[in-house]
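Labels run A, B and C following the written order; every chain starts at residue 1.
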Amino acid sequence: MPVDYLPILVMIAIVTAFAVIALTLSAMTGPRRPNPTKLSPYESGMPPFGSARRRFSIKYYLTAVLFILFDIEIIFFYPWAVLFRDLGWFGLSAMGTFMLVLLIGYVYVWRKGGFEWD
Amino acid sequence: MTLDPIVITLIEAVVKTIVVIVALLTAFAYLTLVERYVIAKIQSRIGPNRVGAIGGIALLQPIADAIKMIFKEDFWPSQADKIIYTIAPGIAVGTALLAWAVMPLHPSTEIFGYRVDFFIADVNIGVLYLLAIGSLGVYGIVLGGWGSNNKYSMLGALRSTAQMISYEVSLGLALVGVLMISGSLSLVTIVEKQSFIWNVVWQPLGFIIYFIAAVAEVNRLPFDLPEAETELVAGYQTEYSSLKFALFYMAEYINMITVSAIAATMFLGGYQGPFGILPGVHWLVLKIMFFIFVMMWMRGTLPRFRYDQLMRFGWQVLLPLALANIFITALVMLVVGA
Amino acid sequence: MSLSVPDLNFRVIAPALIVALTALIVLLAELVTPAPRKRWLGVLGLIGLLIAAGATVGLWGAPASAFGGMVVADNFGLFLTLVILLGAALSILLALDFVRAHRVDQGEYYVLVLFAVVGMILMATATDLIVIFLALELLSLPLYILAAFKRADARSLEAGLKYFLLGAFSSAFFLYGIAFIFGGTGTTNLMKIADALAKNPRNDLLLVGAGLLLVGFAFKVALVPFHWWTPDVYDGAPTAVTAFMSVGVKAAAFGAFFRAFLVALPAFAFDWRIVLAALAVLTMTLGNVAALLQSNVKRMLAYSSIAHAGYILIALVAMGASGLSSALFYLLAYTLTNLGAFGAVIALSDGERERLEIRDWGGAARQYPFIAAMFAIFMLSLAGFPPLAGFTGKFLIFSAAVETGWAWLAVIGVLNSLVSAYFYLRPIVQMYMSEPVPGWDRIRVAPLVALALVLALIGVIALGLYPTPAIVMATGGFLR
């Protein structure tokens, strides 16, 4: 029921307030003595070079795509799991078919080295 | 005088939220002390023993730390994306706290004729809510790393994100077995159904998978790659100081408490005692403390994974195991049930 | 609590299921096939397509619906299924040597083609807007990848990216249209939309929805003014892929287009035919005029495919049984002819070098008399010369238009065909009347490509000389 979610809204409001207060507090208290060296990016004491906004490994992207695939699978699994007792063997075979298709993709990614980080 | 039930709900929610947040913040503060002490003992050191020490333990240390954090200089690096850099710690700690909205803490009781529920909300998609809020936590980290505009922060955030989303899959799948047994997504129902036998008895594999994935999810050793200080200084936290740093730190510890509480709730009966003995919040706290102690113990004992090992373990070991667990559970339930 | 399982009539989607299963098998086989033997994966895919065609024939004549009325196997859908399977089979035949010559000899090629075929078949047989959308995505996503399949080639990548961005954009239109239609009628099922309209023919939400839906379809079948992606994508994509998508997507998308408009919207108060007629005129004219100006064969064929989409649209405007059957026949004829034309481009390429400019075709008739003759016949068929398939198709469409009172549209169509003859004849003139271009030595034509060309040629001539069986098959119509 929608009213069940009301306390969550209240909590979101309070938590947001907490975060805002903490962030403003930290801005107000404490000294303010900035200097160029202090404000430059930390690179282990060496003078910083280049930007941090550079290309990074495509593997991160691949991982994100795989995550989306399997995360959607979880969303399929949850209602199925809750109703599993009612669905019985039909439910198992239907989910088994779905999983089989997904597993073929999984095996493919595995064999193609999609999980290797070298 | 009678109040509108909505108003009563609102007042209850405000009170409960504040109590939960205060409890969590206190727990966080003292966990930092406990962690330092436990690690010190494991490594045969003395540990913190100065500030307000009683019996060799510095009981006021967390308060001293907090005051120090508040009065440290708060600065914005010149290249940082100011807005993102500032709100990232807020997101991190906010999502960490919000997970507690659906956690059942204690059986519902009658107090002065009022029925009091010891949870903030009992929604029928509780487990889904937990997962959803849990995945939002990634935003705090990735935005912090991006907003800092520092190479270490960026790398740390990327690693952290990849690690967290990889293990989130196994984490989510490990819980499916419990859902099949309970037939509900409401955490309250799940706990109530464990009044006699805990789910861990039926789901030992799911429990182990969940715990490993949870440790990875909160970036603790042996999965603390995002903050591998030898490689990445302090990962996504590198450019943070003052309370902003403290908020990230807070988020980490609260997440530790949260995943322990979920483990306790889903697998170890939550506030239920073994065989229905004296259900109550003390059981939940005990179980959470047990899990947190195990995590500290692991930190004192285990070396860190290499990054390729970490990803391979998550995708090629935990994920197939979690899927196998679901199908074993399904088969057993159908065969035994028939 | 009891759960009711909907009527899952798997038999009805047997063709799509068989192709999907083949795709999965090929995907797994890809992992264990050593590099020199990858072409056997293509053969495996061909076998799967043949079995699926057999299953389609087995379903013929007994219309049935499945999955609670989301998919049907009526003769309209089955005819298109056969067209799609034929197009896919011929294009795989063309690709077997092509991928090796272009050093993209990977099993994934065939897997992606097969998955796209699954999407096409579902699109042609779906009777629910949601299923149509899913099928549209299932056919589009593999094609985006296929367009960029030659990863070392910047132009191929550009084609893939362009196709992806514009395709995603059009999908959004399509989905938004579905949302409006659902808002207006409370259903996404085509038959139920028709029922809702029969009760209440004025429906403003539906008007917006149908407009957005039209934009989505127009993107996919490349109607002016939503055609801008076509020349670049057709030109940049590997030729074998271009051949496949120029025919498969047209058949599938027009199938869903016809079904959506003719099943769901006939009772609509707003007369959408005039809009489509205007689009048809624009599309034919602009496609043909732009094709006149091309010096690149693939770009010319791209504009020609735009123009052909315009002709087919006339059949939709004509509505009725004759319009429907003429469109089906036209799609079949177009599939064979266009595959043949692209096949000839593949046949005469030297390794990775292709005769893309029309002047490269100079003297080809002397070097390759048979291929040149076949290419000439395909060009003439596209232009609509008797007694070839293209002529019969155009004749059927125009006569359907005249029958239903759209004579002026037919006249514009005929005029356009006359204009198009010029650019279709240009490569023929070049082949037969110019000297061979230096740098194009005689090479051996791959036998499988030649086989595909001969098969297409037989089809084109047979449909031109003896069209009756195909026309009879095409008059099956919808299951409502």
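Following the convention adopted for this analysis, a contact is a pair of C-beta atoms (placed from the backbone, for glycine too) under 8 Å apart; a residue touches a chain by one contact, two chains touch by 3 or more.
From a predicted model like this one, the values you see are computed outputs, not experimental measurements.
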Among line, ring, star, complete and other, the chain touch graph is line
In terms of CA centroids, furthest away from chain B sits chain C
Averaging C-alpha coordinates per chain, one finds the centres of chain A and chain B separated by a number of Å equal to 15
When centres are defined as mean Cα positions, the distance from chain B to chain C in whole Å is 53
When centres are defined as mean Cα positions, the distance from chain A to chain C in whole Å is 40
Each of the following residues of chain A touches two or more other chains, namely 83
Contacts from chain A onto chain C in the complex sit at residues 83, 86-87, 90, 101, 104-105, 107-108, 111-112
The residues of chain A that touch chain B in their complex are 3-8, 10-12, 14-16, 18-20, 22-23, 25-27, 29-34, 36, 38-44, 51-53, 56, 59-60, 63-64, 66-67, 70-71, 74, 77-78, 81-85, 88-89, 92, 95-96, 99, 103, 106, 110, 115-118
The chain C residues in contact with chain A across the complex are 1-3, 5, 24, 27-28, 30-31
Seen from chain B, its contact residues with chain A in the complex are 6, 9-10, 12-14, 16-18, 21, 70-79, 86-87, 89-91, 93-94, 97-98, 100-102, 120-124, 127-129, 131, 135, 148-155, 158, 161-162, 165-166, 168-169, 172-173, 176-177, 179-180, 183-185, 233, 238-239, 242-244, 246-247, 307-308, 311-312, 315-316, 319, 323, 326-327, 330-331, 333-334, 337
